[in-house]
Amino acid sequence: QSTTSTQNSGLYDYLLPIQEKDTGVEVHVVAVGTGQAIKNAMHCDGDVLLVHAKPAEEKFVTEGYGDYRRDLMYNDFVIIGPETDPANVGGAQNVIEALERIKQSGAKFASRGDDSGTHKKERSLWQAAGIDPDTGSGQWYLETGSGMGATLNTGVTLSAYVLTDRATWITFANKQDATILYEGDASLFNQYGIIPVNADKCPSVNQEAAKTFAQWLVSETGQAAIGAYQVDGKQLFFPNAN
Amino acid sequence: MDALSEAFRLIITLDADLFEILLLSIRVSLIALAISAIIGLPLGSWLAISKFPGRKFCILLLNALMGMPPVVVGLIVYLLLSRSGPLGWLGLLYTPSAMIIAQAVLITPIIAALSNQVIENLHQEYRDTFYSMGITGRRAVVAYLVDARYALTTCILAGFGRAIAEVGAVIIVGGNIDHLTRVMTTAIALETSKGNLTLALGLGAVLLSLSLLVNALVIGVREYAAKRQYA
Amino acid sequence: MDALSEAFRLIITLDADLFEILLLSIRVSLIALAISAIIGLPLGSWLAISKFPGRKFCILLLNALMGMPPVVVGLIVYLLLSRSGPLGWLGLLYTPSAMIIAQAVLITPIIAALSNQVIENLHQEYRDTFYSMGITGRRAVVAYLVDARYALTTCILAGFGRAIAEVGAVIIVGGNIDHLTRVMTTAIALETSKGNLTLALGLGAVLLSLSLLVNALVIGVREYAAKRQYA
Amino acid sequence: MNTLRNANMPNPLLPISIRDLRLTRSDRPVLGGVNLKIDDPGITVIMGPNGAGKTLLLRCLHGLITPDQGFIKLGSLAVADSRDEQAMVFQHPVLLRRTVLQNLAFAAPEIAKTAPERLIQALESVNLANRADQPARMLSGGEQQRLSLARALLSEPALLLLDEATANLDPASVLLIESLVKAQSLQGTKVILVSHDQSQARRLADEIVFMSNGKVAEQSPADQFFTTPQTPAAKAYLAGEILF
Amino acid sequence: MNTLRNANMPNPLLPISIRDLRLTRSDRPVLGGVNLKIDDPGITVIMGPNGAGKTLLLRCLHGLITPDQGFIKLGSLAVADSRDEQAMVFQHPVLLRRTVLQNLAFAAPEIAKTAPERLIQALESVNLANRADQPARMLSGGEQQRLSLARALLSEPALLLLDEATANLDPASVLLIESLVKAQSLQGTKVILVSHDQSQARRLADEIVFMSNGKVAEQSPADQFFTTPQTPAAKAYLAGEILF
């Protein structure tokens, strides 16, 4: 089970063949939102979990569903929007200010609204900005209840601002006139974790294969492979296994 | 099942959000159905009784279009309605109207193909008589639709079923935007992606109940009319 | 359209991945269809001709189930097949078998409800004669299915259309795993979410062509058989 | 399937008693209290104007319609229990969408398995043997009637109901069918036949039942009916006068 | 709709010429070269055994079937151009799933709009006025035939084709229909009627066409046909002998 953003970025298509050659473990990717991925894993439908929502992940491990959790890699979030930048977020000092400008300008903001890692991140940013976007839900705050790609399709088409992870954006094909308008704030850091599912809770998991795969990812070879993945000459993920 | 109880709690407490979504679902599906019926029934009927070189191929095409993937329909409508598309100036994308259009495109072939089959059967019986009475064109189409009305309700219900259950197309052109274009199926998909499987199931049960209700109404009216006619 | 040209380039160059996906699509849909037909046709036929208190309600239910949201079907099958579910020991989740099961659940009501209507029409004509000849139960069901075979192909094609176009259920129970459970519709959904709209459209065109081909085959066989019989 | 009937065996469906049969359709009493007792074997012909209720009466006897009120007994059996012993030829025969021979085979699958030559004989008896492999629905009107009679006779019923079974036949076929029906009745099958054809009634009937307005108006031995009808309605009918 | 016909007007569909009409079905030549010329107004009765091709010939005349070969001309018109002037009553009438009156109104929408009382009159003429609001398909066999005749007469056709239109009628209705048909023919409508009923043919026919085996075997004035049939086939037919 994995989050969608990694799949859409093409990381697996690049990584898995290398991995399989190294370890002989064949990996199948089921890409769903982080929330669904965790739930599915609780049903024991998955051997390894690769997601990005640290608190939920830690809860998953504490409750005994996962063996352990390890940081794997990170990338960062960016805010994209129409080139004309009606809210002038490009001139914001930090991400909080960027959000405030969006709210004030009356421009639209497309949110995933699906409890995904990205969505949780976005909500925490609104909270930090002291704005309750729910009051504008359906007017300027558009909760698409969809994956990153679908939300980008909606946002781009409606000239709305969207918070997205950089990897998905770089590989996204339907950019139209949208572009990255704000990036670089430290709070836009996005950590991915990896959790093998606990064989005590779920006797049916492929424990050996899961362990091998998880270990390979955090190994030097795996980390180097992640770091080497590029799209359009840009590195998408930054390995930081601890 | 706590999924059901949660769903029914929402219903019983008249949860405003749920009702908004339900209402939009039914409104979009029924309008799309009406459009499709107005186009599909005469089309299917006309294809059953007319004779022209490409007729067989048209019927074949309708049958094939029953298998048109909703996502593809969604995409086509999306491209038509998107700002850079030919109908972009209408500003319909991500509105209920867009969803209605997508659904109508999706179910018109279904209603046309199924009604075509129904009318073709009746045509075997009526053909000679209608020919003899010189009944052709519009009058024949209308007569067939009227006389096959009971069997046609099943075609229409099949269309309704497809519309109300449909998610792939409406999510693309509607965007599943809360308080704007969120319908039952997209809400179910959302809850599923959130991992709230029981709530998703509960919503599914509500949607099915709704669908059952509509079917019961339609079939009830049909039975009543049939009884009155042949009492 | 470069979407189409891209898709046809993939076809012409016999792109191995595309063929794998196409093949899986058609295999899953056809097996699901076969299962549904084997269950749905006799069921629909039997409901058309038998008499028991709950009969009307069963027909109503079948009609309503035509509107069962694929996502809900997907969820139910998911919960059944999930490793912690009652059928988890089968290890079917995220395999083509799971997709077949989900699709079969989805289209059996469609085939049953539509064939029910077709057989009911024929039953109006045959009822007295069959009653007089003492033909009931299995023999009657089989006789009706045989004699209505031409009209029933349309029901079956409607089921096929729904199966081949279906995405909501197969993506939940299949997981859209590359080289394992990726079918045309889930591939289209994936390309859409990647923003590759033109490629998605192209794949849609390929899927539609496939659907057209299957329909042409079925209708061709039907026409040929009908001609031979009534030449 | 029954074993071959024999004129010496008593017919298990006799006597037929019908008491106060009532049926209302579209608020019209279409059967308004039919009382009828048929004791004797042989051929009973039902006559009467269009809409008198002849077809409805046959359908009640055959169990196709449950009357609103009234009582029917065939021998010691109720209608439902006598069904296997009955056969009926309808006013408009319905044939399956199959060949002529397959229509017979479908009606009598055991015979088709054990003695297929009997099917061919049955076709020969109604002069359709050369049509065995033709789609049955393409037969001419008269040919369809003959096929459906052959189908009914295959089951060797104790009671044979014929609803204007020779209406579309040419004179030769009429005589052919009459001889078949006569032969069947001599083998012990009770025949009840609805007909508008007076000369046919004269040729075949042992007994006439005359219906009018949803009631049995008269029941007489055949010779007596044609020479001295008892009711004015029957008199007028025989004279071709209108009686609505 | 035509204006009321008049016996003094020449009938635009006469003479009817049919030359070498051939039709093959299921590899059987079901019409094997029909040659026929009908010059005179009045009533032509077609007789012949079951399967002789009577119905097929009427259907060719009416344009329901396009023959494989051959030539048909009605007056100066081809079949397709004469359709509006024709009406046909089928061997098995097909009525719409509507009431009796609606069936007539559907057949003649202009009359229904401008002179609805004529519809009631039409129903009265076939003794069905009291059934106007009943579902047509629930009528008895004979009643359905009468309704479908009334429907055909509404259009006041120049050519009326009747395929065993009285087969299921009681004697009184037979006489009623015959008088209607006779009256229509006196108003100038050419009537071609298929019948197995010899007494009916004697009562109505000005001319008899005798068909057998997909061909016209004989065409004679009515009186001559019944007294001195020219062909052995016709002789045998009249005597009720089997001729397959």
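For reference, chains read A, B, C, D and E in written order, and residue numbers begin at 1 within each chain.
Keep in mind that, in the parts below, a contact is a pair of C-beta atoms (placed from the backbone, for glycine too) under 8 Å apart; a residue touches a chain by one contact, two chains touch by 3 or more.
Protein names from UniProt, one per chain: B, C = ABC transporter permease; D, E = ATP-binding cassette domain-containing protein.
As the structure is a prediction and not an experimental result, all values here were calculated from the model.
Common neighbours of subunit C (ABC transporter permease) and subunit E (chains touching each): B, D. By C-beta contact pairs, the most connected chain pair is B-C.
Averaging C-alpha coordinates per chain places the centre of subunit A 36 Å away from that of subunit C (ABC transporter permease). Distance from the subunit B (ABC transporter permease) centre to the subunit D centre is 49 Å, each centre being the mean of its Cα atoms.
Here the spacing of subunit A and subunit E, counted between their Cα centres, is 81 Å. Residue positions of subunit D with contacts to 2 or more other chains are 26, 135, 138.
Touching of two or more other chains is recorded for residues 78-79, 192, 197 of subunit C (ABC transporter permease). Each of residues 40, 147, 150, 153 in subunit A touches at least two other chains.
Contact residues of subunit B (ABC transporter permease) toward subunit E in the complex are 125-126, 128-129, 131-135, 139, 143, 146-147, 229-230.
Subunit A meets subunit C (ABC transporter permease) in the complex at residues 4, 7-8, 12-13, 28-31, 40, 43-45, 147-150, 152-153, 171-175, 202, 204. Every residue of subunit C (ABC transporter permease) that touches subunit B (ABC transporter permease) in the complex is listed here, in rising order: 56, 59-61, 63-72, 74-76, 78-79, 110, 113-114, 116-118, 120-121, 151, 154-155, 157-158, 160-165, 167-168, 172, 184-185, 188-189, 192, 197, 200-201, 204-205, 207-208, 211-212, 214-216, 219, 223. Those residues of subunit D that touch subunit E in the complex are listed here as 25-26, 28, 48-52, 55, 91-92, 127, 134-135, 138-143, 146, 164, 167-176, 196, 198, 236-238, 240-244. Residue ranges of subunit D in contact with subunit C (ABC transporter permease), taken from their complex: 59, 62-64, 83-84, 86-88, 90, 93-94, 96-98, 106-107, 109, 135, 138, 151, 155.
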